[in-house]
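All remarks here apply to the structure that follows.
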Amino acid sequence: MAELSSFLVLSAILFSIGVYGIISKKSAIRILISIEIMLNAVLLNFVALSSFQVLEPPLLLTGQLFAMFVITIAAAEAAVGLALMVTVYRAHQSIEVSNLKRLKG
Amino acid sequence: MIDIPFLILSVLAIVTAIMALESKEIIYGAVSLAITFLMIAGFFIILQVPFLAMFQIIINVGAVAVIILFTVMLVGTGTVVATARDRKNSIFAITVGIVFAAGLIIILSQWPGAIRAVPISLSIKEWVGGIASMLIGPFTPVFLTAALLLTAALIGALTLAKSEGTPEEVKDG
Amino acid sequence: MSEPIENVNDFIKKVLEIAFWVLIFLPMLIFPIILIVENYLPTKISTLMANPDPEMIFALLDSDFFRVAVFPGFTFAAGFAAFIGLWERKILAKMQMRVGPLYAGKFEGILQPIADLLKLMSKEIITPRGVDKPIFWAVPLITVAIAASLLAVIPLSETSVIARTDVGVLIIFAILSFFPIAALMAGWASNSKYPLIGALRALHQMVAYEIPMILAILGVVILSSSMNLLEIVRIQENIWFLFLLPIGAVVFFITALAELERVPFDLPEAESEIVTGWLTEYSGMLFGVILGIAVYVKFYAFAALFTVFFLGGWHGPSVIPAEIWFILKTFLVITLMIIPRGVYPRIRIDIMLRAGWAKLLMLSLLNIFVALLILELGILPVR
Amino acid sequence: MSNPVESDKKSTDTAKQEVPPPKVVSTPSSPPPAPSAPPAPPAAKLPCEFCRRILDSAENLEKHKKDEHKADLKKLQALHTLSDSIVSKIGAGSSSSFVKPRRFKISVPVKKILKTALYLRDDIGYDSVESVSGVDWPNDNQFEVVYHLTSYSIKALEDTVLALSTKVPRDNPKAPSLESVWKSSEYHERETHEMFGIIFKDHPCLDLLLLPEDWCDIPPLRKDFNLPRRTR
Amino acid sequence: MSTMSLSVGPQHPGSGHFRLQLKVKGDIIVDVVPDAGYVHRGEEKMCEYRNLVQNIPHLERPVILDSVGVLYPYVLACEDLLDIEVPERAQYLRVAMAEINRIISHLYWLGIYGIFLGHSTMFMWPMGDREPFIDLAQLASGARVTFAYLVPGGVRNDVPDSFESQALKVIRYFEGRLREYDNIFFSNPLFLGRTKGVGVLTKKDAISLGAVGPTLRGSGIRSDVRKTEPYDVYDELDFDIPVLDEGDSYSRAMVAFLEMKESLKIIKQAVEKMPKGPVKVGMRGQVRLPAGESYARAEAARGAMSYYIVSDAGKFPYRIKISPPSFRNLPTIPFLLKGARLADMPVIYWGINYWPVEADR
């Protein structure tokens, strides 16, 4: 079976792909996608550590509980982010991050 | 030996993640993102946590990917033209990514602490029992704030995206 | 692959893209073949042909591959689905004072499904211009895959079940969430006005009716305090959940109709307004696959789920084997699901959404309350 | 579901009893209502041969037919008074072409048609147009535009149809559009325009309705659009 | 939300040979431009090159559904000009055939209305129930669809004597079927949900737009040519005119449905009271209309239809103007569709029973 370190390496790679995405992409949707990838990388980390680590029974599954919270909050964040994007598109007819400079609507 | 399922899943996860960012049309990006979420759920099954795998599929693949696809259809279909500045920018981004990955890998690969050889595998009853006892025990405030936050996000998203009104408003508007 | 390659960057991109598709499809194709070649068929077949001894045949019948491919799996479901297609047209015809398919096959059009399939196979598959080819071609495959994946969890009897998992119900929810993606991709890939409206309507309908369905099933899970479908059926040994949770059964029935896009809720492909919704641009076998196989397999799967949750799966006086009981009950549920098509017109989208969000949600919450009440009063025999 | 149809025994015999003189809506400028003519003795001079024909055939019919005839005669006379009052109201240039049982025709000069239409709708009560037809009279070089009017609001006029006609010169056929008076004549006038080429002034949108968009021939219903010569 | 222009075109399964250019904003129809004329065949021009009797077959061609209703005013106008008295038996036969044709046309309309709402049974039952009436008409006139049964001066031929018993049998059968229609379709909760309060036409608008037939009677105006101006023997028959006040698609459908009940009553009375005697006035070969003009109207299935015949005693009629009910209902379609939902478009459009071929002539 794969040990813990391979899981951690994988989540590190995914996380860095997310970072690359945020820095290099112009379209807001691509940025949101890269944020989602980073969140999932963290998710993987949580679950991997919690199932390999051994804690005392009352706090045995903290990692997995946190993973559940992360998933739900990520979904809520994605929903609000996309709603924002829709309103921005309706105002500016484009969601290129580079030309969303003016403060007024 | 490195087992085959883990290898396949990790390669697929990384490739679909890159596809999600690099693909020409954003539609392919959104679809590849959904596949990445699926691969992550596969990892959870390898880690003997089927409940969480299904949880991840329901929420991330079922809802988040669908919303992103929906928004891409509604909004983001303009093709992005890569200017010179973008190319310079992406080279910089790749270097930052690689440096970041290298740092993380070095730190994470020698992880101290008591490491089990095989992930714990609990029966569904013990697992749900453990989660439930923690939720009721030390984590109740976190649980409540999460619930409040979700409703706030729901209301926020609705008011943001609400544009034209009901037929009556449209008719005289 | 027709664009000329100008510079190195494009070349790398093309290589990556080919690598991606190969890596996606290779495991999907190779993996089952490896499974077959390594464990079961060729060696066994040759020896079997030579001296067919019963014990090897039983071993073969008991193997996972047989379960997935044949009995509770896809072939059985596809055959049953084809028969449902004929049965639906027959019942509708009788309700509408006409005869229904008669000429295919000697006995009253029994071969009609095969005739349909052959007809659709002979039709030419037209992919209109400006269509997003990969996704356009992937959608039929995905719809059939999702519809068939529901069968993995449904137990026909104590022995004939494919996956004995403890998270059966959750798997069903997960698969449920794939249907909107298929509709959206089809709507988007067809690149024309009517399919887009149809896809958006399908999305609204599925999202609006998924939550009441999940809450209705939650009632059942509370009573049987386990998500393993086998467990749920075992508990319904002497009292079916239909009598304990009638509201849940009604809500599940209605939401199943909505999920299957059957008549009172067949807004996505409302012929008179938007011509067959998100299926408009499909023709020939593509259309045949979706409308012929995928929709009816999904129909069989949902009817089977209703029997598992509310009609006590394979329980019944043991004069008939368990599987036959299950099939009979599913058949009854299918007939019940066909009848609304003859009785009701299509409802409008705002009535549908209001009914979905307000009324059904209320009913399913009430159902959970009833389930908790039953649990408190201990009506169910304590396990 | 209670049957919403109320039995209307009452309405079948309205046609039988004596038709009151047209109820003239009392507007200040309306003419004095026509005197309710007492049933004129048959010997009095009758304006047209239709009355004479009804009278001749009256003698040799049995009893119940006779009073039905008397009612027809009375209604005919009521129509006479009505058409005379309209003609007198419009004044010069207008004349009553004929008065038949339940049908009468009034021709009016083009200049006065809008005023007549308003008068007919508001004072007499003809509130809807049944059809607008053009008739081509090439030998006296004229188009005739005939509006057939009926009334829903006034019970007495319900079964009568007034044909309001006006003549327009053939070379530049211009007539005021009555769309402002009766909204329902819009499509009829559009069709008459494309079939005859009559231009209806200030009509909301006067383009082709039934003919194909690229119709470049002369308006088809004119007499000089001779069908046999074109189809041979 | 940008407006999307949608053309419910001549090929769309929902419109027949008629195009509606809709401007749709979201799900709401914002602007409607009706585009008739796809099946215009120049009926009125053709009439000017055929004599009195030759006109009959091609005048009934546009409305194959209601061929007796379409020919009735033409025949009445000719008789008015020729000043001939139609024999008693012919009048009863004409009334019976007109009512049979009205039921055939209403059933066809009800069937299509059902398939527009997605109710396949409501499509199949009326189509099946039209057959007995079509056979009855075939028994009388020999043809199934375009009977050409009415001629100026009476009817073309007498009916066989089995006509009365066959008619009474069909009436008994259909009365039972009407009760079933009532509880399957008209009190079906989803049908009510789809049609109640949809496309409301007030009384004032109905008059000003010049609507006719069930559209008019659905908005509360009691006007039916068979009652206001009884032609032939309608004044001797006892029947009612159904009138509803709401003016929405449901009341239009209900008016047409109740009219079928009334038509059954009329056919029964006409068939029983039919005296013996000749069926047409001998024309003695002269098929010239005397000089003069006449205007006649009759109640076709879709509404009041009228003919204006001008004749100069020539071989052919000088000018025939047809004013069909669908053409007079045309303005109500854009009026009602503006502001309605796209999903309601078929309910409103087909509720007005608009038959493109009849409107285009």
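A few remarks follow.
By written order: A, B, C, D and E. Residues from 1 in each chain.
Operating definition for what follows: a contact is a pair of C-beta atoms (placed from the backbone, for glycine too) under 8 Å apart; a residue touches a chain by one contact, two chains touch by 3 or more.
Source: prediction; values computed, not measured.
Taking chain B out in thought, with all other chains where they are, the connected groups by touch are A | C, D, E. Looking at contact counts per chain pair, the maximum sits at A-B. Centroid to centroid, with C-alpha atoms defining each point, chain B and chain D lie 77 Å apart. Centre-to-centre separation of chain A and chain B, using mean CA positions: 5 Å. Our note on geometry: chain A versus chain D, Cα centroid distance of 79 Å, whole angstroms. Centre-to-centre spacing of chain B and chain C amounts to 27 Å, using the average Cα coordinate of each chain. Touching of two or more other chains is recorded for no residue of chain D. Residues of chain B in contact with at least two other chains: 18, 55, 63, 70, 163.
By the touch criterion given at the top, residues 4, 6, 12-14, 27, 114-122, 124-125, 128, 184, 188, 190-191, 193-194, 341-346 of chain E touch chain C in their complex.
Residues 36-37, 40, 42, 44-46, 48-49, 182, 186-187, 207-210, 221-223, 227-230, 235, 238, 240-244, 254, 258, 262, 293-295, 297, 304, 306, 308, 310, 318-319, 321, 323, 327-328, 330-331, 360-361 of chain E are the ones that touch chain D when the two sit in their complex. If you check the complex, the residues on chain C that touch chain E are 92, 95-98, 193, 263-264, 266-267, 270-273, 275, 341-351.
On the chain A side of its complex with chain B, the touching residues are 1-10, 12-21, 23-30, 32-34, 36-37, 40, 43-44, 47-48, 51-54, 57-62, 64-65, 67-69, 71-80, 82-87, 89-90, 94-96.
Of all the residues in chain B, the ones that touch chain C in their complex are 8, 11-12, 15-16, 18-19, 22, 25, 27-28, 31-32, 34-35, 50-51, 54-55, 57-58, 61-63, 65-66, 69-70, 73, 123-125.
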